[in-house]
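Below are two complexes that have subunit A in common, paired first with subunit B and then with subunit C.
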Partner chain A sequence: MNNNVFQAESIKRGLVLDPRTKLLLLVTMSVFVLSSAGGKGLEFLAPCLCIVPFVLLLTSKKFKSTILYAIIYLTAIMMLILLRPITNGVVNFLILGTAGIVTRFMPSIMVGMYVLSTTTVSEFNAAMLRLNVSEKIIIPLSVMFRFFPTVLDEFSSINAAMRMRGISLGGKNVTKMLEYRLVPLLTCSVKIGEELSAAALTRGLGGNVKRTNVCEIGFHLQDMVIIFLCFVPFALMLLSRCGIL
Partner chain B sequence: MIEIKNISFRYENSESSVLNDISTKIYDGEVVLICGESGCGKTSVTRLINGLIPHYYEGTMVGEVTVNNLDVSRSELYETAKLVGSVFQNPRSQFFCVDTTSGIAFGCENMGLPENEVRKRIKKVANEQNINHLLERSIFNLSGGEKQKVACASVSAVYPSVLVLDEPTSNLDIHAIYNLREIVHEWKRQGKTVIISEHRIHWLLDICDRVIYMQAGAIQMDCPMEEFSRLKPETIQKMGLRPLTLNYHQYIKKTSRLQDTIDFHNFRYSYKEKNNALNISNLSLPRNGIIAVIGHNGAGKSTFSKCLCGLERKFNGSVTLNGLKIKKQKLLKKCYMVMQDVNHQLFCESVLEEVRLGMSEENKDKVEEVLTMLDLTAVAERHPMSLSGGQKQRVAIASALLADKELLIFDEPTSGLGYRHMKETAELLLNLKGKRSIFIVTHDPDLISSCCTHILHLENGCVKESYPFDEIGEQRLEIYFDEIKKEVTIL
Partner chain C sequence: MKNERLKGKDLINVGIFTAIYFVIVFAVSMLGYIPIFMPLLCVIVPVLGGIPFMLFLTKVKKSGMIFIMSIIMGILMLLTGMGYYSIVVGAISGIIAELIFKSGSYKNATRAVITSGVFSIWVWGNYIPLFLNIEGYFSTRQGYGQEYISALTSLMPAWMCPVLLGSAFISGIFGGLLGKAILKKHFKKAGIA
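Here is the complex of A and B:
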């Protein structure tokens, strides 16, 4: 099962970016690609920004996703450019719809995937701490990230057990599948949660001193480049709003 | 020094008290084993020392516990955490973080130690315990033994003077147990006080200085290890404890039966990360016996059992039983695995409903017969999740029997059990001998010698040896366990 949410193994990562840079990148992508905030004058920005996830995924050595992304995105763009002018009616509408959704959503989703698969929980915590976010928000968030993979783990064992009992699509107990899955999942999650908090408490969580964090985060050259890249569209937008461009 | 003075404790929602007027002193640098049958209160004693009782597990408590003059029951848990480090049974639920390095740093970070100091400590601890290769890894890609090593490192990094281990080997294989032994040894060398509550005693014989034996919430015996290790095996057995030495001398006389066999063909499987995790072209094993599947970590034991259960989708092998060739989908119908964590496989609202779930046709008499055999009639109406561990295991077995499963596979059924419960499980398996073919993936020598009839030794995905468990088999098994011990021990 592919559960790579915040579980990067630091040895395997390529180019390391600061989590804060990644957040900025995510915001920029959503603003300009997902919601095209630039307006008509800045339409050229979206395709340019779409190259960013391509490069990032390459640096993190996720070749399969990179190629898939490139193919799907290019196909969608080609459809928009080549097919839209020569079709009409329902076909035109369908092409516009699917290709539009792909070109809008895909780049942001890919950046999101990149962020989740290359950041560890402690990096995320360290970044939040530097941004002066309260521990009352950080700790629950980090518990959440700890819990996703745990639940997936339990889920695959439960699934195996269900298959051995003949509870599957097409079996005689289809209607009860959800219930059968939830009962053991809840029991196991509650148990793990309880043991986890006991362990965390005996390791001194919740003390009266400010926690430190050993994770080395900081801005490097590559961060500067990305941050600069992120500011360009914002600056352009500002300029065009002021009527200069 | 740890001082426990006249402690009595009763958990909330429990009818009787778990500890009755316990008093003892543990001196600095002592390594103490607390043993006794399940439910004797040994885990509660460890919880007293690390403060989880009464701060996390609430209840009524009388008496006083001090660790280095700190009154544990009255001070906050994060104060106690600086003095006492704790390692628990379940390696899966001890980490707050998802990667190992932050897991080790966690305790120090909570104390607010400066970053450089924490980094220095991680390095030092990793060197001491030989786990440099485990740093910077995702917790979810480690084996149970590796997780337990990281857990030990994470408590060491805080530099506590007292370490408390609560049944640390429950989920570990024998290899990992000997590794843990090295770590405890290192702590002992550093002069730390170590308190271990444990079922399996053999690995602690030459490390512990003192043994506390508990029964029904009271200390029954408190003596130096030399004295304890001189006790006769019969006495140890009467006390409800696992044998002190790994012993294989009680094998069951093999009765000559029909030489029926199960034949395995083309048992091959590769993972994305690992080629040939399993690579057996032909194998014959006796039918309706109890077969112990042994081998090192990563030898292919769990891949073997998953393939046998038909759980691996890309698996193409087959099993011949009764002259019938059984392939993937059919294997799913014929085999059943009782998992290490039985909670994963109990779905229904009552035991009765649970065991009926997989039956092809309703058959009241058969249900009753199986429930009686497994001693479950009294709890037939209860919710499976409200039962004890052993009862849950029996419910899982009952459901497998009623669903006409021919092959039963058990994944480490007894590693966390005390002597009596282990024996009960062995009896249960012996009851099934001759009716079903049973495979036990296990590292528990006591269980093997109590019930197995055949040994299948896997190594690197291949069959290294396969032999009946008789006089010669017993010697071969002994050699296997000795070798593991030698591999790990560097003392």
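Here is the complex of A and C:
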């Protein structure tokens, strides 16, 4: 049950991107793929942008996820193109729905996974400090990103335990099902949180001095390429809003 | 104690509870794909979110923590493609929630329940695009198919907008009460509330 996909390892990494570039990419993906802000005229952008996580995952040497992503995404696209005209009613609703959700969420989830699995907390902190974000936002954010895998991990363990006791979906009592999951989850999260803050305090978090950071971040050629890629859709959107395109 | 600056420990608490809160919200929001659940999310999210939120409030002793949590939820909604309205709504409701809880000097249980109600209003921010520009909203969601769109359009007439705002608040209060009951039943005994 080890959720290693989310934890960054600093040793075997391929192409290194600046955390700020990754954030820009995440926002771009969420604006153009997840909520397709470009509207009808820019619909072609979404599939183009979906190639980006594919390439990024390849460069970070996550071959398994790359192949899985490619297969699932291509299947969903094929379903959308081939099955849309020949089905109707409930079948159409189900197929289009599933494929629609996959094509919408999958790329952003992959970019999110890429960002989480290749950025260490220190790098994230360094990047946010460079952006002059207040420490009051940085600390909760970095704790949160560090904490997601823990919550999911704990949740799946609790889930397994509760299933063994026969308290699951389809059981008699829905409120019981929720209570018996949420309460242990909260209890152990609070305990882990206390340990985490103790650990952070020993590293000088919350002191009065300015903390330093050893991570070297900066923009390189690969960052320039990605940043350029991210600006293209925004520029296109601006142009189409002005009525030029 | 009251006017002290936020320390690392407080900020870490904010991060932890936001993570739990977000995981619950995200899991529940997946139901939104079924059209009838879309307006109901405004009820389910605050009720379930009330449980971690009330536990969070027991850790809040300084001003700013609720506001920061509200802002971070807004940022997360932006990153998960819900639009930027949640940040604006979250900032306002976060400040109001903060002030309400502060007026009870961070320990009044009744005020905590009301705080939970006001805080939950950020959920409503996610619906604003639906009412401002419904054609524009659905032109970006063609992939879901025509059936989904027509089902959702019939569920979301303009008068739903204030109704959703009200129901977010009321179910937030309900979630607060639920959270309080669970706090009493479990967490006080375990010594973590």
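Observations on the model:
One rule holds in what follows: the second predicted complex is superposed on the first by the 170 of 245 C-alpha atoms of A that agree within 3 Å, B and C clash if a C-alpha of one lies under 4 Å from a C-alpha of the other, contacts with A are read in each partner's own complex, and residues count from 1 in each chain.
Here is the rule we go by: a residue touches a chain if its C-beta (ideal position, glycine included) is under 8 Å from a C-beta of that chain, and two chains touch if they have at least 3 such contacts.
What you are looking at is a predicted structure, and each value in this text was computed from that prediction instead of being measured.
In the superposition on chain A, A:187 makes contact with both subunit B and subunit C. Of the two partner chains, neither subunit B nor subunit C is touched by A:65.
In the superposition on chain A, A:97 contacts subunit C only, with no contact to subunit B. By the touch criterion defined above, A:165 reaches subunit B but does not reach subunit C. Contacts of A:201 after superposition: both subunit B and subunit C are touched.
Of the two partner chains placed by the overlay, only subunit C lies in contact with A:136; subunit B stays clear of it. When both complexes are overlaid on chain A, the residue A:147 reaches subunit C alone and has no touch with subunit B. In the superposition on chain A, A:108 makes contact with subunit C only, not with subunit B. Annotation: subunit A residues 142-143, 146, 179, 183, 187, 191-192, 196-197, 200-201, 205-207 touch subunit B in one complex and subunit C in the other. Those residues of subunit B lying in contact with subunit A across their complex are 50-52, 55-56, 76-78, 80-82, 84-86, 88, 90, 92-99, 101-102, 105-115, 118-119, 122, 136-138, 140-141, 154-155, 158, 306, 309-311, 332-333, 335-337, 339, 341, 343-348, 357-358, 385, 399, 403. Every residue of subunit A that touches subunit B in the complex is listed here, in rising order: 3, 6-11, 120-122, 142-143, 145-146, 149-150, 153-154, 157-158, 160-167, 173, 179-181, 183-184, 187-188, 191-192, 195-215. Listed in rising order, the residues of subunit C touching subunit A in the complex are 6-9, 11-16, 18-20, 22-24, 33, 48, 51-52, 55, 64, 68-69, 71-72, 75, 78-83, 136, 139-141, 143-145, 147-148, 182, 186-187, 190, 192. Of all residues in subunit A, those touching subunit C in their complex are 26-27, 30-31, 34-37, 39-40, 80, 89, 92-93, 96-97, 99-101, 103-104, 108, 112, 135-137, 139-144, 146-148, 151-152, 155, 178-179, 182-183, 185-187, 189-193, 196-197, 200-201, 205-207.
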